[in-house]
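I have a structure here, written as structure tokens, and I will follow up with some questions on it.
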Amino acid sequence: MIDKTRPDTRSCVADIPDGATLLVGGFGGAGMPHELIEAVIARAPRDLTIISNNAGNGTTGLAALLAAGLVRKVVCSFPRQADSFVFDQLYREGKLELELVPQGNLVERIRAGGAGIGAFFTPTGYGTPIAAGKETRQIDGRNYVLEYPLKADFALIKARRGDRWGNLTYRKTARNFGPVMATAAKVTVAQVEDIVPLGALDPEDIVTPGVFVDRLVAIGTGAAQ
Amino acid sequence: MIDKTRPDTRSCVADIPDGATLLVGGFGGAGMPHELIEAVIARAPRDLTIISNNAGNGTTGLAALLAAGLVRKVVCSFPRQADSFVFDQLYREGKLELELVPQGNLVERIRAGGAGIGAFFTPTGYGTPIAAGKETRQIDGRNYVLEYPLKADFALIKARRGDRWGNLTYRKTARNFGPVMATAAKVTVAQVEDIVPLGALDPEDIVTPGVFVDRLVAIGTGAAQ
Amino acid sequence: MSEIATAFKPWTRAEMAQRIAADIPDGAIVNIGIGMPELVADFLPQDKEILLHSENGILGMGPKPSPNEVDYDLINAGKQPVTLLEGGAFFDHSLSFAMMRGGHLDIAILGAFQVAVNGDLANWATNDPNAIPAVGGAMDLAVGARNVFVMMELLTKKGESKLVEHCTYPLTGLGCVSRVYTDHGVIDITPEGFVARQLPPGLDLDALNQRAGIAIRAS
Amino acid sequence: MSEIATAFKPWTRAEMAQRIAADIPDGAIVNIGIGMPELVADFLPQDKEILLHSENGILGMGPKPSPNEVDYDLINAGKQPVTLLEGGAFFDHSLSFAMMRGGHLDIAILGAFQVAVNGDLANWATNDPNAIPAVGGAMDLAVGARNVFVMMELLTKKGESKLVEHCTYPLTGLGCVSRVYTDHGVIDITPEGFVARQLPPGLDLDALNQRAGIAIRAS
């Protein structure tokens, strides 16, 4: 019998070691797994590498993880925002390494990690400072940069509903990076609003099939704030 | 006002020229756009290149297109089947060119075509006759073959429901290549069971957003036989 | 000539946005960038069906919600609450950027620091060593959209032209911009260089050239 | 020894399938290849939850339908009608092969023409110049599944061993097979070569080696 549900967030992240690489879902606050991040902060593994679209907003979620001093490196597309002051200060103090990746290359590199692709030629970033030092190639008259997969030890994502096999659905634009990140980690953890009985999710509408999910925990409803 | 619906299959394929490359959906009979193929046969463009998983079953669908003598080349993963006698004979008579592509490379090449990826390193086929003469590379200790995108002039697919913007849902395993093929053609044509009013499809459950679809025609219900 | 320049009143941002909106054809799939381009959404003509794409997984994005409709799971690329039109769809980032990079969007409307005569775009970073870089989806839109329109004022606050021979700021994409909507008129980028397509009343080509400090031809 | 060989009765295909089924752990995600491996589905233990993957977009594939449940939009990789278990999901080919190639399946069970001592697999084509090639998803399973099990008879109809030093047929994948279930026993592929894990009653290692014509060690 397969039962991937966990009783609490703590047990979902209890084995994240120092130095781990974490994929963290969300685009701004939408899809950000706040409760799982709080559990990571409580566990306090050090020297984390975080792969996420942003580098934290305000003082919660990723920003709180950064503020707790647990993160060594951030791989993201858009760290600087109106409310990214936590990241901004740590970065300016030299306490955080930053790898800036254009958003489409970021998601495609994560997809490649999950889909067993060794590398791919992308047009995005060609001729810009982002591609400096990278392998390039002209294919069929267009110029491309070679980019490599991103994988992680853990993926922390937020979904809407889940069942004990790990099947997931999402809610509106909170879907964003979740389905792709779920494929690219050794251990994928999803916080969901509700855990529903097996068979309650329409097989046509499941976005993330359970094979990609290792643990899920119910958090209750409430959109991101 | 956007209205991609067409009154009949004929008007969906009336501009397919000689020498065109066609992506044709379906895995065996499931998802095979039989009625669109019949319309292509009636229009009778010559020297077609067909990209599809199989090379026809029995005497209908792709098999009928081949039998009509309209096809010059087939790109597929699994031509030889118990009921692929039409293909078998044409191939043995030297009347058809065949490019055999492992199924996962086939779908990934089509995805690359639709997603603007210039080429990708895949582990599938490395060291086999399929990779003979192709560029290879070892990345992170694993061996890969470089594969290039597949694109087409037209994609012919079968879906379940569609609306006037071209949004589509699919039915069970008839989904197969449809969502990916829809992204990789200059003109994507979908035959659907029903055309529904805009807003009738749940925005969470639309599998192919309308941006990928150019024309759709209602055929009525009835699973493949 | 100085008389003409004095009489001339640059287009307001609203006028620029109106002009862009009027140029978008019925049925177009459009991505509106963060910042100044967001104004364009307010002027989309009601008699056309124009579908807005948002990089975070929306096709068919609608206007801002009323206060009691706000849902922070339904936001745009600028992280502001939006709505979904009837017929709209949600999808994940992978499909969203396949749309962008794969050439499925008709138009992207982007802000810019500089646009070069060959269509090069610089819009994500300055050369300020203290600035924190952020690129987001701009590079994907620059290489992917079939038409990249730029909306920007012609001059910086210091009075320097943003239409340049070569970009001096870090590039976003090469040779990607096809048209620039400025407060000093609409300028096409052609194989022959900048071409003025429409000028505000009271501004002639000579005056525009003088202000831009770069050759802009008549159309 | 010839006496022993005479007394020995090879496992039936059903017995081979039973043995494979018994080795699949609870909760495993398994892809069962077309042909002989399909028998394994009939012997999956009821006290374990084993999820079957089908390359054409199913996770949680169920048994054959009753005649009045047949739906030709719900078929397996062999194009035969199947059912979906409660909790099963449908998805497109892109995601299905991402599962396979990305290492998300625990076990693939494949038929074979030849398996080499280094784990090389040949199962998609012979050297017959008149044969029409067809590869399907076999190469993706070979490189992608965490464990590749082969189910085959030890000997061809001509009596040649399918366990070989080097494959002479076209390869499907390199070094991918970890275990072979034959009618002459279960044989692991290890860095030290073939290792007999279990033999049918009446067959000893010497007799197996004689028949296989290649070194198979004791476990």
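Just so it is clear, A, B, C and D label the chains in written order, and each chain counts residues from 1 on its own.
We take it that a residue touches a chain if its C-beta (ideal position, glycine included) is under 8 Å from a C-beta of that chain, and two chains touch if they have at least 3 such contacts.
None of these values were measured; they are calculated from a predicted model.
Visitor: State the chain with the largest centre-to-centre distance from chain B, centres being mean CA positions.
Guide: So the farthest one, by centre of C-alpha atoms, is C.
Visitor: Taking contacts as defined above, which has more of them, B-D or A-D?
Guide: B-D
Visitor: Mind checking the centre-to-centre distance between chain A and chain C? Centres are C-alpha means, answer in whole Å.
Guide: 29
Visitor: Which integer distance in Å separates the CA centroid of chain A from that of chain D?
Guide: 36
Visitor: As a quick test, compute the distance in whole Å between the mean CA positions of chain A and chain B.
Guide: So the centre of chain A lies 32 Å away from the centre of chain B.
Visitor: Among the residues of chain A, which ones contact at least 2 other chains?
Guide: If we look for residues of chain A contacting two or more partner chains, we find 108, 111, 115-117, 122-123, 170-172, 204.
Visitor: Where in chain C do residues touch at least two different other chains?
Guide: 84, 90-91, 97, 100-101, 143-144
Visitor: Go ahead and list every pair of chains that touch.
Guide: Inter-chain contacts occur between A-B, A-C, A-D, B-C, B-D.
Visitor: Provide the residue numbers of chain A that touch chain B in the complex, in ascending order.
Guide: 108, 112, 115-123, 137, 139-140, 142, 144, 148, 169-172, 202, 204-205
Visitor: In the complex, go through chain A and note every residue touching chain C.
Guide: On the chain A side, the touching residues are 27-31, 57, 77-81, 84, 87-88, 91-92, 98, 100-105, 107-108, 111, 122-130, 143, 170-180, 207, 223-225.
Visitor: Considering the complex alone, what residue numbers of chain A touch chain D?
Guide: The touching residues are 1-2, 111, 113-117, 163-165, 167, 183, 198-199, 201, 203-204, 206, 209-212.
Visitor: Across the complex, what residues on chain C touch chain B?
Guide: My answer: residues 26-27, 29, 48-49, 51, 53, 59-60, 84, 86-91, 95, 97-105, 143-144.
Visitor: Inside the complex, what are the residues of chain D that reach chain B?
Guide: Within the complex, chain D touches chain B at residues 54-58, 71-75, 79, 84, 90-94, 97, 100-101, 125, 130-140, 143-144, 170-174.
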